[in-house]
Amino acid sequence: MMLDAGPIEILISAILVVGGFFALVGSWGLARMPSLMTRLHGPTKVTTLGVGSCLIASMIYFPATQGKYSAHELLITLFLFLTAPITANMIAKAHLHRQGRSIDPNPMDDIAEGLPETGLGTGWATFEGQDAERADPPR
Amino acid sequence: MIKKLLPHPALTITLIVVWMLLANQLTLGGLVLGVIIGVVIPILTSPFWPDRPRVRFGPATWIYIAVVLWDIVAASFQIAVIVLFRRSKDLRSAWLVVPLDVRSPEAITMLAGTISMTPGTVSCDVSSCGRALLVHALDTPDPAAEVARIKRRYEARLKKVFA
Amino acid sequence: MIEIAVLFAISCVGLAMALNLWRLARGPTTADRILALDTMTINAIALMVLMQIQQGSAVYFEAALLLAMVGFVGTVAYCKFLLRGDIIE
Amino acid sequence: MTHWLVAPVLLPALLAPIMLLFLRKRLMESRVLSIGACLSLLALAGLLMAQASTGTTQTYALGDWQAPFGIVLVLDRLSALMLVVTALLALAVMIYAVVTGLDRRGWHFHPLFQFQLLGLNGAFLTGDLFNLFVFFEVMLIASYGLMLHGGGGARLKAGVQYVVVNLVGSTLFLVAVGLLYGATGTLNMAHMGQRVAEAPAGDHGLIVAGGLLMITVFALKAAIFPLHVWLPRTYVSTSAPMAALFAIMTKVGAYCILRFTTVVFGESAGPLAWAPAPYLLPAALATMLVGFIGVLGARNLRHLAAFSVVGSMGTLVSAIAVFTPEATAAALYYLPHSTFAAAALFLVSDQIARRRGAFGDALSPSPVFSGAGRLSGLFFLTAIAVVGLPPLSGFPGKLLILDAVRDAPGGWWIWGFILGTTVISLLAFARAGSALFWKSAATAGEIKAATPAAPVAAALVVTGLLGVLTVLTLAGGPITTYLNATGQQLFEAGAYGGAVLGPG
Amino acid sequence: MTLAWIALLPFLGALAPALAIRLGRNACALATGLVTTTALVLLLSLAPQVMAGEVVTARISWFPSLGLNLNFFLDALGLMFAGMILGIGLLVIIYARFYLAKADPMGRFFAFLLLFQGAMVGIVLSDNILLLLVFWELTSLSSFLLIGYWRHLPEGRQGARMALTVTGLGGLSLIAGLLILGQIAGSYDLSVILQSGEAIQASPMYLPALVLILGGCFTKSAQFPFHFWLPHAMAAPTPVSAYLHSATMVKAGIFLLARLWPALAGTEAWFYLVGGVGLFTMVFAAAVALFKDDLKGLLAYSTISHLGMLTFLFGLGTPAAAVAGVFHIINHATFKAALFMNAGIVDHEAGTRDLRKLGGLVTLMPIAATLAVLAAAAMAGVPPMNGFISKEMMLEEAVGAQAFGLTWLVPAVVMVGILFSAAYSFRYVVGVYFGPKRESYPSKPHDAPFGMWAPSALLVILAVAIGLAPALVAGPLVNAVAAVVTGGAAGEKHLSLWHGLNLPLAMSVAALVGGGLLLAAHRGAERVWLGLGLPDAKAMFDKVTEAAARAAQRLTEAVHNGSLQRYMFIILATALIVALAGFVSADYVEGARATLPAPGAAVVAWVLLVGGATAVVLGHRHRYLALIFISVIGLIVSLAFVFLSAPDLALTQISVEVVTILLLLLALNLMPKTTPIESSGGRRLRDGLLAAVGGIGMAGATWALLRREGPPSISEFHWANSYSGGGGTNVVNVILVDFRGFDTFGEIIVLGIAALTIFALLETAGRGASGRRLATWSPDQRRSPEHHPMMLVVATRLLLPLALVVGLYIFLRGHNEPGGGFIAGLVVSIALLMQYMASGYAWADRRLPVDHHGLIGFGVLVAALTGLAAMALGAPFLKSAYEYVSIPLIGDVGLSSALAFDIGVAFTVVGAVMLALHHLSSTAQRAEKSPASDQPMDIDPSRTVAEPPARPAGEGA
Amino acid sequence: MSIEFLVATAVGVMSAAGIYLVLRARTFPVVLGLAFMSYAINVFLFASGRLVINQPPIYGKEVTAYTDPLPQALVLTAIVIAFGMTALVVVLALRTYLETGTDQVDGLADTPEATPPPPEETAVLGPEPPSPVAPSREAGR
């Protein structure tokens, strides 16, 4: 079987290996990185690409082996690429909000001193919106 | 009239493509159905998308897409290396503030998304005036250069897409 | 060959999901847990796609598609709750 | 092709969405339609009963898929009886709810009521175990809405308990269905009965476990000890008309115990015949005791009524648990009796409580209140019915049971418990009535009515229910003839299966 | 049929006084009297036949299968009792007309009285013992009403309750006894039972039946130890007492002893039980009566004593004793009714019934005094009154009786009894009418009006007449009755005043003399009596019932303590135990189905699931975290479904999951975010154990199923006919919308109702306590000021049409591929909810002007109409049809009626989900103090005027 | 290790978690418990048709092996019903809390000896994290 491996098989296998590898690395990053902001990078990019690779592999695999052309995977990829940044953005916002302006008071993280100013005289949306005063509940 | 019938022409095209992808076969019947869907659904959903961003399907758009796709792949390798080999205390994480020239929410979102999917950066917040992005960089020796790269590589190209 | 590659990929994704679980349980911040869950969902999509290849079956597609869509909504809702308490306002 | 059989399900199924679509803010039209529907259901049920009384078991294959592959509705004497009881009770409750304005005190009363009837009628007609689950759920979820109708903190708190308990019950139902399907490969009850009879001995453990779990679920609905614990608070907390309507809900449990056991674990089930029976009798006896002890210990009328429901379920199921045609016939006489008696008790309690203002339905004397004479009469008659004294149907009901169970194993226990608990309830009702009406007559002061008194029509509803009990008594001959035939029909080995699955 | 009318007339006639009272009190009494008179006349019209030895019968079938029928018969015994009941009843009615005060509601009184009368007549005319039971219980009920007639009197209430409880108890004992008796005899008809005496007495069930029947008789006729209710029943108006204690109620027990005498009497058990109890009661009650100061109390105990004597007589078991018993029944009825009426007159006129306040009334009330002297003489057994004769007959039998082998025991005890009897009779007369006149009486005594004393006078005349000419006046009746009671064994007995000089006469004389002496020494005797400190049976009864009620209350409230935790434990534990018991009670053989090897990924998934479950359990007190953890379970379950060839399930699970999470988050917003630790360690351990056992049980059940092949499933048919018969290749979907479409129909209804109920619940959340709580609600967490993040809004705008396309796709392919109406409906709902989440409730709601109720109604209706369409074509409900039609440009399209059904499903789902979440979020809006802006996004740079930034872009920290 | 074993034990674990949670004193954990029971029961019911891999119940002329579709249909119905029920019970719990001010299942007020749970950000399975600068719980007060 392995000896019969044609170029397509090799390509598919390679993409699969890369996909699996990226998926693992993404999650490994999530597990080992020192703070949330640093952990956010792995899943957002690497894992998404890992899944994307698997999808592409699938997209090649089925026409190549079964003669069934399928573009469904493209749709999933589209979806993931559309949603991954928003997900990351929302998680980051939630995290910023929960942690306050001092981000990640984690000794492993070197950005503990806080968020930069916007430089525009206004604040960041998460902290200073249209009704920032009203929204702060009484202590 | 056309505006009423096709509130988002780009969306219509997208939906037709998506439908064909879903149907997974190229038949005339499927295409007709796809066109119907591509026309009807944007009309139905147009109340939820009152603004009409102008999107150009010119070469700039395709170039932008290609650049981003390439960067995503590159980004992944870059992050993989950091994740696997860089010690945590050697990470040069930084907050970047990216001032924005683009104004439409669609364009800003596109830019933010691009930033998130490309090397070492995740966009985290928008300033409350909507003119700056807060971006977290995983490992950057020179934050200013990174900001400049973002503006040059992505924002400049996006401006042409959302002309 | 493809079988082995698929098996390798499945193992990687499986391991990745286990790591996600660890992060999910470990935290320490709530955002970490949301992120872990979201990543787990995406890995699950990968797993479905890989199983689809492994079994040569096409029935996984809709599930993966739906999971991609729904995982997003869930994650957003969790974040929105942290931000505002009220997810629909 | 006659469609009469599906009509008791379809009529409410159509009316409810129509009300939802067009009559949401039109109370009068809703009321007319609702009462009309109840009357039509009564007529329908009567018609079906007439058809069933010929002794043939009719089936209706939904979607034209024959049993056991599709869902079939089955009409025999028993289901026809249950339909009639349901329709009668529904009519009374609906009129009461309308005249006391309950339907105005919340949303969607009328559609929910129709859905409730849909669930009940479906449960009584279906011959499919999983479809029974679905109708249970329809019935339950409608009952949640109706139970909570009108709101209030206590009702909500009790509602949480009621809902949670029943959700767990539904879960257990599915466990049982899973076990039985896994072991028999079918869902049609008649077919399941055949499969159970043919099952290899090695499967028996699973089948019996599934069957018993199924019975447990039914017992939960039927409020059989110790699964009855949820009932008192639920019935006490909901509005009186709904408590009255719920009198039929416990009977669904009893009906299902009877139906399921006779069809699946019936005479023809070979070594597994009547496997669930031994567990049922002790539980029923304990139910009787717990119920009537609760009646004696009740501090207010609604508790009294609620516990008397528990007690009467014990009585009913003790007769069912004997599993003979005679005892079943007796139980089926007691079933409508206890349903209408309990409903009357809840409704009369409501009227008393309304008249007593802040004193409510507490079993303590209040100053004399207007309408006490009429209400004391109604209460007295209702109490007679509930306790089981002549001249109302409780007395022949209990006599029938005592007479039928005499030779059965454990029959003497049933005697002892029925007679003993009758004494307890007699004492309890005497104390209650004495405190409410006689002591009140001697208590000085004046009542400031907090709730508007129920109109005379409300008393007429109770009178009507008592009238039904009177008819049940006076027409005892023809009714017992029907019920004896029902008992025979249920215990005729293979008859149900033959009718549902066709010959061979 | 006349017979049936006699029994039923008083019942039907009970309406007469209730109606006639509107015409006045006289009319009321007249109407009542007419009813009774009619019945009496009817009865008397049958008397000649009966006296000739004929038995008149009437039979109406009622519960033929039970053997409970309206079978009446009239023999001499019935005639005697019915005559007494109706005759004395008539006198009581006349008496009551004058006795009752203006304030007493007379209509009610006479109605109750007639009910009671009917019940009594029914008892004595019944040929069916079950029918007899019906009337028996009716006497308990109607006497309850009569005794409690003066509802303002606490004694009346208590007396009535006690009477009902005790006689009711006896009634139930009687039910049991008679049912057994009927079983032994093979019929519930008395005429049969009375023929089966030998069989009955030979049956092993004889003794239980006897004991149970006697339980009924003794409670009714107030035999020791059930005697205590009777004196308290005196709280009733005197006419009632007169009636209940002379001819009726208490006599019902005696009647039954007499009635069943041929079937039950003559055994040793009968002798000792009936005779012993009767004798003891006779003596004991006589003693008590002597020391009662209340006239009615005295008379009540005298009644008990005389009932004891009657019981004793029937208990002796000899025909002669039975004759004496029958004769004494008549005698007792005459003098006791007269005495009660007399006591009523005294009470009425002198204003008291207390012997200590009375005396010397003979001059003030000469008529009453005369009547009292005569009646009391009869009661004491003074010749030539009727009571003397029956007492002599009794003594004759007592002298001949021997108990425990002793010949002197019975006569000696009887001697004591009649001595006390004489004493209290004398005390009544002497205490009321003789002795010194009092200074004053509570009211001014004078003789009562004619209407009040005439009835008693009539009775006294009768008593005298019987005494003087017993053979003439009572002889035929007594003999006829005795013949019935003894089954002809008694023979003709000649009743006479003079029996010759014999031991009974000596005893009688001794008793009268002794009674006089005892009365003289009353004060001393009373001290001795009180010194005995006999327990008060009523106090004991009260204590017992109170304690029972309290115990019942405590027990009930301890078990039903309102704790759902406990209820759930009970329910789950019961289910577990029962299922386990069932499992071990039958055979089980481990199956041999081959298992599938688990790939590594499956093991990882398992670990994830177990880890997630552990996290939820351990972390459940942090509610929000628990929600995150529980998502893992949903994810793994979905994965498992898709892996195990159930794509439809996976799709459904995935989409349901997210809607559920949204729902939970919406609710959690307004609820506490944490759960306090409330359960003790012990309880948690207990719960944990139950959970563990339950888990093992479920795992075991799953394993057991998975390891066996099982019989072929009916789903083979579904598979084979899915395409050919249902027009679809997705068998699951075809099952859902076709084979089992009825289930799905019910299922969408459940969903719809859930939404309606949610709506109804939340619609009122703004009112009352809930409304106040919402109004004062303040967020319990720090909140970001941003409501609608821009990027999210933009993304969801693009996702909405995409999701709708996906939804449509899933819907259309459902019949053939995984998908279908339900999932499609959920997908559409989720897509819409995304808009609500991102752009805000108000903004999105304005753009979705859909009536959710209508959607639900429409969906259910569409589904139903699809089914109905089949009916219109003559097929059963929900019969499906499908057709492949060719549409220009699109091509062949499979159109199935199931598709229309699925549309109904989808609409219901969208309506239900949107209705529920819509109202949940609008509830939260009520609590919101700073409502979100109308704008879909908080920051929209395209809206803000372009102006240069204040200073150059700042850079990262 | 067989799939059957994994599924059976998973059903057991989910059931146990469900049972434990429905026995808690507050509505919210009870709801979670009901959700767990629902998961368990869905898998159990599904398993009553035995387990099969890669043989989805999609009919085709050439397809001969297939998984039992009937339990799947049953589970689908069960899921939908459970969803409706869960929605209702959640809203009911909320509504009751709003009306009565307590989410005790017994409708009792909070017992005074009730102890608050540990801070939220504590790892459920792991060691204590460093204390955050602005702990959300305090901020929430």
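Note that the chains are named A, B, C, D, E and F in the order they appear, and that numbering of residues resets to 1 at the start of each chain.
As a convention for this text, a residue touches a chain if its C-beta (ideal position, glycine included) is under 8 Å from a C-beta of that chain, and two chains touch if they have at least 3 such contacts.
Note that the coordinates shown come from a computational prediction; the quantities given were computed from them, not determined experimentally.
Least step count on the touch graph, subunit A to subunit B: 1. Within the contact network of the assembly, the step distance from subunit B to subunit F comes to 2.
Ranked by distance of CA centroids from subunit D, the top chain is B. If you average the Cα atoms of subunit C and of subunit D, the two centres end up 48 Å apart. Look at where the CA atoms of subunit A average out and do the same for subunit C: the two points lie 11 Å apart. As a whole-number value, the distance joining the C-alpha centres of subunit C and subunit F reads 19 Å.
Taking each chain's centre as the average of its CA atoms, subunit B and subunit E sit 73 Å apart.
Annotation for subunit E: residues 562, 564, 568, 572, 605, 611, 615, 624-625, 627, 629, 643, 645, 647, 668, 698, 701, 705, 710, 713-714, 718, 739-740, 743, 747, 750, 753-754, 757, 761, 768-769, 779-784, 786-787, 789-792, 795, 798-799, 802, 806, 817-818, 938-939, 949, 952-957 touch two or more other chains. Along subunit F, residues 18, 22, 30, 44, 47-50, 53-54, 56, 58, 70, 74, 77, 81, 84-85, 88, 92-93, 95, 99-100, 105-107, 120, 124-125, 130, 132, 136, 139-140 each make contact with two or more other chains.
Residues of subunit A found to touch two or more other chains are 21, 26, 28, 40, 42, 48, 50, 70, 72, 75, 79, 82-86, 89-90, 92-93, 97-99, 111, 115-121, 125-126, 128-130, 137. By the touch criterion given at the top, residues 61-68, 130, 133-135, 137-138, 140-141, 144-145, 148, 151-154, 156-157, 160-161, 164-165, 168-169, 172-173, 175-176, 179, 183, 545, 548-557, 559-560, 562, 564, 566-568, 570-572, 574-575, 578-591, 698, 701, 704-705, 708, 710-714, 717-718, 721, 725, 738-743, 745-747, 749-750, 752-754, 756-757, 759-761, 763-764, 768-769, 853-854, 856-858, 860-861, 864, 867-868, 870-871, 874-880 of subunit E touch subunit D in their complex.
Of all residues in subunit E, only 599-601, 604-605, 607-608, 611-612, 615, 624-625, 627-629, 631-632, 635, 638-639, 642-643, 645, 647, 650-651, 654-655, 657-658, 661-662, 665-666, 668-669, 779-781, 783-784, 786-787, 792, 799, 803, 806, 810, 817-819, 823, 827, 830, 833-834, 836-838, 840-841, 917, 921, 924-925, 928, 932 touch subunit C in the complex they form. The residues of subunit F lying in touch with subunit E in their complex are 1-26, 28-32, 35-36, 39-40, 42-44, 46-60, 66-70, 72-77, 79-81, 83-88, 90-95, 97-101, 103, 105-108, 110-111, 114-117, 120, 124-125, 136, 139-140. Subunit C contributes residues 10-11, 13-15, 17-18, 21, 24-25, 30, 33-34, 37, 40-41, 44, 47-48, 51, 59-60, 62-63, 65-67, 69-74, 76-78, 80-81, 83-89 to its touches with subunit E in the complex.
Remark: subunit F residues 18, 22, 27, 30, 34, 37-38, 41, 44-45, 47-50, 70-71, 74, 77-78, 81-82, 84-85, 88-89, 92-93, 95-96, 99-100, 105-107 touch subunit D in the complex.
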